[in-house]
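Residue numbering begins at 1 within each chain, and the chains themselves are lettered A, B, C and D in the order written.
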Amino acid sequence: MARVVECRTRIRYADTDQMGVVHHAKYLEYFEIGRTEYMRRRGLSYAEVERRGIFLALVEGHIRWRRAGRYDGEISIRTWMEELSGAKVKFRYEVLDERGDTLADGWTVLGSVNGDGRAVRIPAWLRESLEEDA
Amino acid sequence: MARVVECRTRIRYADTDQMGVVHHAKYLEYFEIGRTEYMRRRGLSYAEVERRGIFLALVEGHIRWRRAGRYDGEISIRTWMEELSGAKVKFRYEVLDERGDTLADGWTVLGSVNGDGRAVRIPAWLRESLEEDA
Amino acid sequence: MARVVECRTRIRYADTDQMGVVHHAKYLEYFEIGRTEYMRRRGLSYAEVERRGIFLALVEGHIRWRRAGRYDGEISIRTWMEELSGAKVKFRYEVLDERGDTLADGWTVLGSVNGDGRAVRIPAWLRESLEEDA
Amino acid sequence: MARVVECRTRIRYADTDQMGVVHHAKYLEYFEIGRTEYMRRRGLSYAEVERRGIFLALVEGHIRWRRAGRYDGEISIRTWMEELSGAKVKFRYEVLDERGDTLADGWTVLGSVNGDGRAVRIPAWLRESLEEDA
């Protein structure tokens, strides 16, 4: 279950704030990029999951900001699944800079909801995809 | 048709970038805040418009950035409708700082679309609301 | 130390995502709005703190998303200080919708850094302001 | 002067809004990604330009939104320089989806300013880099 998926992206200028570094809220967007890539590598894109009527909504999250990220830096986002229960899934993330130093890490728990926003069990097709060895 | 609606909001820290000023793309969000308020003052919130199945999608826009906006500044957003045709509406905007200096101004044209993203005529109930004297 | 500061703002259209609700990362921006207001009410705006060469950088945070926030909703952000140590300050937040239901709550720890990004003790003038009864 | 630089990026979930498509303001961020890449390919990153004390601040811009961009789509951003005068530079952009359809196009004019925000002539080293054949 601990297969780590890694992907890369560049820090946008718009991601920075007047402290001269990446605005702290952007790390939740980077985690989200990692989650998107985690699912794609398992053969089921999150876009397709939503088309099938299932949404993974954020329930809880924790972040540690360790170093300042800089504009135009190429970051690596490492994502892995830590827990999968009936209606929830927990992911862990690390965001690294070009030298391999950790900028931030953390985790989020997402709950499976249907189009009306009601909690539903994670369907078998999604569960299998999340657990599959990439 | 040139009734100007004015509203105020504060610049968020997250709106700034590493140049130490408001990131230029945020002015499109400020214009959008102005448009939201313009419609609410006319008695029909844009949230309600979407619930009725009509969406106003951006078609074209123009911005002049004149001065740097600063974190925590209280800005005034002035919005007025300039043209209303069969399926399009054009708004103009000015964003002013606390001293009344213009930070940015511009205009956007929005097209009326239905839930499938197809262009449709602006319905009578929306047209009447947009034209109504506030 | 547990004086709660409350402020209000409206959810921007740009704050939503394709799930039809406020994007989860925006709650960190709402927390930040609350922090800004907390400090202003104590007589020392955070903008002024930065002008004096002190920056409060995010170190750690935790969020629980409880309900979906909706476009154009007027939210209340409640902010209070929970701990103040040599170089760190911990704030707690609640974001409520118009009916008083909690959309999200959480906390963040911020570290005092100078213009070079180095950790420094929170200066006496800032400490006094943070602790002052508003 | 019309050398076109093309780069690719994926649409983030956070880039979407409740209309189910990319929020219109994000195209200014995509233009900015294109500009960043344009400069890097010419051998002088914009990050380095700022380190040398020159900032390119937005002065004027125009956008036509042509089609809806979708979450997780891989977009191509084409950027080229159209004009270069004493203190200003004008770029043009096209954002294309995976099928080569144009999502948006437009242009921006940027003015060269120093660290105090004052307009200054574009220095020779920057001018040469902008004009260089990539």
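In the analysis below, a residue touches a chain if its C-beta (ideal position, glycine included) is under 8 Å from a C-beta of that chain, and two chains touch if they have at least 3 such contacts.
The shown structure was predicted, so the numbers you read here are calculated from the model rather than taken from an experiment.
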Taking each chain's centre as the mean of its CA atoms, the one lying farthest from the centre of chain C is chain D
Note: of the two pairs A-D and C-D, more contacts are counted for A-D
Rounded to the nearest Å, the gap separating the Cα centres of chain A and chain D is 27
Rounded to the nearest Å, the gap between Cα centres of chain B and chain D is 23
Whole-angstrom distance, CA centroid of chain C to CA centroid of chain D, is 32
Where chain B touches two or more other chains at once, the residues are 13-14, 18-19, 21, 25, 28-29, 32, 71
The residues of chain C that touch chain D in their complex are 13-14, 16-21, 23, 25, 71
Chain C partner, complex, touching residues on chain A are 18-19, 21, 24-26, 28-29, 32, 50, 55, 57-65, 68, 117
Note: in the complex, chain A contacts chain D through residues 9-10, 12-14, 28-29, 32-33, 36, 40, 45-47, 70-72
